[in-house]
Each structure stands twice: as C-alpha cells, then as structure tokens.
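Once you scroll down, you'll see the structures, which are given as structure tokens.
After this come two complexes, each holding chain A, first together with chain B and then together with chain C.
On to the complex of A and B.
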C-alpha cells in the first residue's frame, strides 16, 4: 500500500497530476469559506450556532461542504451541475433529438455536455435567487432574528446572485480541469471533498455528546464503510469466449475473458437523484412562503422530516426505481451483444445476437435487485437511528448513508485510476 | 460608498465575463455517464492553443473576481 504511494509520487507524470488535483481542491476549499459580498459574516455565524433541524437543506449543505449555510461564493457547490446532468440524462429518454445525439458518439456527447453546462448556469441562477431570497426573508435559518444581508436593496441582492452564479461556473471549470489534467473525475472528486470536509466538525459534535456515543458511531461507520466496499467490489463474471481468427500470418483471439457485471452497476447516482428529487417539494414550499396551507403542512411533516415513514419509504422506492432506470440508460444490452458478435465473441452455451442480449438482460435485472436494495438500505439506514441519537439536528450525516456511499465510490474509483496509471508506467519499459 | 459601488459593478461585470468564458470552454466533464465510475475518457484530445489561451484569460478574470469579492468584504467590514 505504502510502496504504491511512493511509486505514485516517484512517477513524474502522476505526481504532477496528483499535485494539480490537490492544488485545485485547496483553492476550492479556500473559496468555499469566502462569504459573498453583502452577507454579514458575524450574523451568519451567530445564526449557524443556534440553527435547528433544517431537514433537507442540511443535506444540500452537506453536499456543498458547509458552504451553503455560510452563503459563501461557492455556496451552490456542484449541485446545479448534478441536477443539470440528471435532467439532461432524463431528457434523452423523452426527446428524440437528444437520444439521437447520444447515439452519435463523441461529437453528440460533446453537444449534450454543452447543453448540460448551459443548463447548469440557468439552474445556478435559479437556486442562487431562491437561496438569497430565503436568506433575505430570514427563512434560511428557521428562527434567527439577525439580518443576514444587512442593507438589502435589490442591487445588493443581484450582486450576490450574480457572484454565486459565477462561483458555480468556476466550480464547473475546476471539475473539468481535474478531469482533464488531474486524477479521477473532477465533479465526483469535488463532491467527495465537500463531504470529507464536514467530517471533523460533525465528529466533534458527536464527541461532545460523550466518548461512548462517539466510539459506537465510529465502529458503526467503519462497519458501514467495510460493507459498502464489499458490495461495491462485488461483480458477476460472465464468461466470454473469443473465436480464433487468422489475419495475415498471425493468430488473433482464441482467448476467454469475462464480462464483469457489478452488483451495484449504477454507483451512487440513484441516491443523488432521489435525494435531489426529495429536496424539491421543500424548496417549492419555502419559496412560496409559509402561509400554513394544508399541503405545506404535509410536506413539513412527512417529506422534510427524515424519520417519518413517508419520507423513508418514498426515498427507498425512488432509489430502487432510479437504480433500474439508470442501469437501463447506461448499460445497453443490445449494444454489448452486438459488439461481442462483431469481434467473434460469445457466451458459452448461448447463441450470439438476440439470445445473448436477452441473457444479459436477464442476468443484469436479477443482479440489480440486491444492488438496488442494498443502495436503498444503506441510504435509509441513518434515518432509523435519528431517534436513538436524539436531537434530529444531528443526523451524523458524514457517517451514514448517502455520504459514505459517495465517499467510498469516489475513493475506489480514484484509487483505481491511479493504479491503472501506475500500471501503464510499469508496463511501458516492458513492452518496448 | 462610491468605492463599494464601483467594486460591485466590477464584480458584476467580471462575474458575467467568467460565466461566458467558462461556457466557451469545450466541455470535458463528460456529463453523468462518467460520473462515479464507468465510462472511459479518451485522453486523445490534447488541449489546443485556443483552450490554453482561454484557460489563461479565465484565470486572469477569475483572480480579478476574487479580488473584487475580498475587497468588498473588507470594505463592508471597515465601514
């Protein structure tokens, strides 16, 4: 393990990439602490101290690494980008033109990415306006009397909104820079950093409650992480045999490999989809303003409250639905079968072409069931312990559910990328 | 007060410029498909001269933006 680290740092190419990534992350974290112009930082701090149960806003705050409730310039984090990606991804099913673009390959994908970026900016403006409006009306922190934006004329508010939108654009750029020149996928890495940044603060909050609670939470967190790693690595290997071919004088193929189908093929995306969908009703209800209408009470009592059975079951079902949905979008069985046929491969005992794709579909949908159940259970798990750890405010978020899923997923992915880079290095001298 | 106003206007201008510049970049995020595993990025496309210059300009505008934000914060604190 340690030797891998050393060799990673010894490789100049890889070292540059890792250092570049770290630099971007450092800039990002510094930016996340700079308050937006016009926001009174002392007042925000005072409000943060006696903030009560914020429900779903807490989750958003977690995703932005605590920047949201501080109203910093990077307050929105990468949430707009993720929401935009989700929307574009969903639209590929609905709008034929998008579907066409998706099938077009590289150039089409590039166009879709460009759409995603435009949509990100639009969503950023929307969300920034929402948050600033909420902060201005004093709804962001529940019952906090201090004015967060002291001299709030329309011009100051516009400045804040524009600044936050620009902050989102910068984050998007950072993510792309990491993807291009650094290690791992930029967007997911930034998300990882956001969540990891919350761990010390939340850990301290739990430690305040007593050493025993802290120890129990730590043990639980380790158990959850271990089980998540276990399931994430689990895969079913479908054997694929390639036929021997003569091309010129050389023999090709004749190898037998396997097609890995992961238990959790979708990663954490379903969880993110579901949680951002659940956040919407709360946002709408807050934006409309509290006039105590019936539906608003319903939202506050059943959807925002994390330990209500409605919230838990809706969340769970949404995760299962999105797991299947996302896998059907990303893993095209027919394409896989066609590819296999093209290169002379087949699954032993099954004809190439349609039977193969049917078989793949069968295996995939069966293996996804435990995968989706596992995702749902892990994500919902902390909600059951709300009662135990009392005081609904402390949801131990970084230690359970969504956060662990994201952290482990991204961590594994990044390590794998570093490993493959190392592999490249070692084999280069070998082959030449 | 005029200093604050000037900084605010500068901030708005640089913010709009930044958004424009970032949108001008070729998107390499790859959307969701490459988020969280899966999806191979083709590393074939080297950054072109245009991209390099765009990076430089973005960096420049970005630093002005940060200076504006920090400057505004300091001014508000002093007053």
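On to the complex of A and C.
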C-alpha cells in the first residue's frame, strides 16, 4: 500500500490534483476558524466550554465541523448548498419546466446549476439570519451569560449575515473546484472534512468516560465500518453481451462484460438528504421564535429529540424514500438500455430496448430495498445506543450512523478515484 | 375487435406488392403524386397510399395482435393477486436478486476496510493538525 502512495505522488498529474484538494481543504479550515466580524472570540470560547445544548444545533455543528458554534466565517458550511441541490432535484419531478431543462442536456443542466446556486444563497441568508438572531438573543449556547456579539446594533448584525452568506458562496465554489480539478466529489469531501474535524474532540469525550467504554466503542465502530464497506462493495452484476461487428477487415466487439448495480446504488446522499430535511422544522420553529405554541412543542419533543420513536421512524422512512428517489433520478434505466442498444449490447435472454429497460428497472427496484433498509438501519443505529454516548449527542457521535456512512462512502469514493487514475498509468493501486 | 377485423380485411384487399423493393417503389411513386396534384384524382391515390402503408406493417401488426389475444388471461390473473401476496412475491424476488449479488471476499473486505481507515486517519490527522495550528493563531490574534 505504501508503494501505491508513493506512485500516487510520483505521478505529476495526480500529485497536482491531490495537492490542490489538500490546499482547498486547508483554506476551508482557515475560514472555519476565523470568527466573523463583530463576534467576540473570547466570549464564544468561554461559552463553548459549558455548552450543553441538545439536538439539531449539535447536528448542524457536526456538519459544519464545529464552525457553527464558533460563528466563524464559514459557519454555515456546505449544508445550504446540499439543501438547495436537494430542493432543486425534488422540483425537477414536480415542475415540468425543470424537467424539460434536465432533459435538455448540457445547457439545461447549466441552468439548473444556476438555480441551485441562487437558492443556496437564499438559504444561506435565511440560515445566517436565524443563527445570528439566536446568537444575539443568547439562545445559541443554552445558558451562557457572556454576550457573543457585544456591540449588537443592526449594522453589525447585517455585516455578520453578509459575511456568512459570502462564506457559503465561497464554500460552494470550493466544492465545485474540488470536483472539477481535484480528487473526489467536492460536496461530500467537504462534508467529510467537517466530520473529521469533530472526531478528535468526540473521541476525547468518550475516552473521558473510561477506557473500557472507549474500547467497546472502537470495536463497535470498526464493526460498523467493516459492514458498511461490505455492503458498499456488494454488486449485482448483470451480464451484457456485445455483438461482433466487422469494420473494414477487422472484427470488433463480441465481448461479454457486466453492468454493475451496487446494492447501495445511491451512496450516502439519501442519508444527507434525510437528515438535512429533518432539521428544517427545527430551524423554522427557531426562526419564528419560542412562543410556546403547540406545534413547536411537538417539534421539540418528537422531531428534534433523537431518541423519540417519531424521530427515528421518520428518519428511517425518509432515508428509504430518498434512496428510491435518488436512484430514479441518477440511474435512468431507459437511457442505459438505449445506450446498450446503440453500442450493440444486450442482456442475454432479454431483447434490447424496452424489455431491457424494464428488466433493469425490475432488478434495480428489487436490489434497492435491502440497500435502503441497510442505509436506514446504519443511520438509525446510534439512536439506540444512548447509554454509551450522552443522550442527544448520539447523532454527533462520529463513530455511528450518518457520520460513518459519509466517512466510509467518501473514503471509498476518493480512494477509488485515485486508484483509477493510477490504473491509467499502469501503476499498481491501493486495492489489489 | 370488430374494427380490427375490418382493418385487417381492408388491408388484405388491395393487391399487395410482394417484395420490399417493389413496395418501396410503389410508395415512392405514390407519395409525390398525392402531394403535388390537386383535384379529382387525389382521392383514390391517397386512398391507396393509406391502404398500402399499413400493409407493409401487417406482419408486425399480426404478431402484436396474436400477443394481445394470448396475454389477457394472464394479466387478469395477475390482477386478482392480493396486496399481501404481491408483497410476498416482491420479497421473494428481492431475496432471489440478493442471492445473485457478488459480495466482496474476505481479503477484499480487509483491504478496503484498511484503506478506508488509513484514509480517515490521514484526514483526521491533517484536519486536527491544521485546526490546532489555526486555533492557536486565531487565539493569538483575537483572544
């Protein structure tokens, strides 16, 4: 494996990509530590030490790599961008014009990306306003007396909101830069970085509870990671036979390959979708302000509290829904069947064209059920182990659930991408 | 059904060209004439065009009709199946697809897990190192 690392760095093209990605990550972390203008850094530091706020702010904090509670420039993290892209993708099903744009190919896709960016900015403004308002009212850190924004006139607050929004725009750009010129998917890699940033602190917190607990958690985490890897690697291979063709005097094709359908074809995206959708009600109720209305109590007691059965089941169902949804969006069976037909390929025993696409749909919908159940179970699992971690901290718990799925998914993706780049140059990769 | 029969009969009546080449030729001559000329003689010609064009497809249409006649009984049977039976069938299909899944071998599993662990460890070390340095810097600057 070490030699693979060396050859990865020896390839000039790949080295540039890796270093570029690392550079973006470094800049990202710089932005995540610099406090916004007008925020009193010492006060925030003091408040952070005795923070005991539960629930969704913690989850957001996990997803923003601890930047949120520090009210840093990049406080909002990649979350608004993810939420925006979910909403746009949802809308492609609902709004005919969006669907048309999606079918239009390159230019339509560009238009959709543009909409996503605008929506990101809008969401960022909304979220930044909410967070700044909460910080100003002193709600961000449960019961902390020190004023986080000492000089809180309207101008300062607006400056903070604008800074955070601009920060989100830069993060969005970073994500796209990584996807384009670096290694891996930028959006999920930045998400991964946020989670990785929380691991040392969380690990230390668990270590404080005693060595035995820590060991148990570590073994448990290893088991979860191994099982996630196991399912991620599971493939249903649909045999595809290519017809022989004569071009000039030479014979082409006639090979038999397979179309790999992963058991978890959707990856971690459904989990991210579901969790970001679940925090919306809390965000709304916080934005409206606590006036003790019935629906706010309901949200606080059932949706935010992570050990309530409503939260668990809604989360689980959302994940299953989004798995199917995302697969329908990303894996277009008709397109695949058409492509296969175009290049003279067919599945043995099944006619090209519509029967092929029907067969693909059949297999995909069957294979996705266990995949989605697995995603749901892994994501919900830590909610049942509240005794090991603190209650309310379980989502935050980086060795279980959402975080592990993201970590393993992104890790595998990125390493595989490096691997395929190495393979192009006939180097031996990491994965023998 | 009655309409179908009529159409089929209608298709049988005009003398059909037997080979593909002659059919093509006929169509080629019939179309421009119909498009260009106006007046009395349009009607019979367009009539013939209409009659000829589906005639070329009769083989496929016949096959389809045969299929259409054979399948209904099966489809009706499928509709009768209750909701639970359908779920049971779906689950059985899920299991049978799962059996066809190729799972990673033990060796692959270990390699992949190790690679993921190394990757995560590297990233965590990098990010926490960066954070430590940056935190000190920010503390020095603002604290």
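Things to note:
Here is the rule we go by: the second predicted complex is superposed on the first by the 415 of 432 C-alpha atoms of A that agree within 3 Å, B and C clash if a C-alpha of one lies under 4 Å from a C-alpha of the other, contacts with A are read in each partner's own complex, and residues count from 1 in each chain.
Note that contacts are C-beta pairs under 8 Å (C-beta built on N, C-alpha and C of every residue); 3 or more make two chains touch, one makes a residue touch a chain.
Nothing here was measured: the structure is a model prediction, and the numbers come from that model.
In the overlay built on the shared chain, the residue A:237 is in contact with chain C alone; chain B does not reach it. In the overlay built on the shared chain, the residue A:309 is in contact with neither chain B nor chain C. In the superposed model, A:343 lies in contact with neither chain B nor chain C.
By the touch criterion stated above, A:34 is placed in contact with chain B and with chain C alike.
When both complexes are overlaid on chain A, the residue A:363 reaches chain C alone and has no touch with chain B. Once the two complexes are overlaid on the shared chain, A:408 sits against chain C while remaining clear of chain B. Of the residues of chain A, those at positions 34-35, 41, 412 touch chain B in one of the two structures and chain C in the other. For chain C in complex with chain A, the touching residues are 90, 93-94, 96-98, 100-104, 108-109, 111-120, 123-124, 126-128, 130-131, 134-135, 137-139, 142-143.
Listed in rising order, the residues of chain A touching chain C in the complex are 1, 22, 25-26, 29-30, 33-35, 41-42, 45, 65, 192-193, 196-197, 199-200, 222, 225-226, 229-230, 233-237, 263, 362-363, 366-367, 369-370, 407-408, 411-412, 414-415, 430-432. Those residues of chain B whose C-beta lies close enough to touch chain A in the complex are 7-8, 11-12, 14-16, 18-19, 22-23, 25-38, 41-42, 47, 58, 62, 65-66, 68-70, 72-73, 76.
Across the complex, chain B is touched by residues 31, 34-38, 40-41, 73, 81-82, 85-86, 88-89, 106, 109-110, 112-114, 116-118, 121, 155-156, 158-159, 162-163, 165-166, 169-170, 172-173, 175-176, 179-180, 185-188, 265, 267-269, 330, 406, 409-410, 412-413 of chain A.
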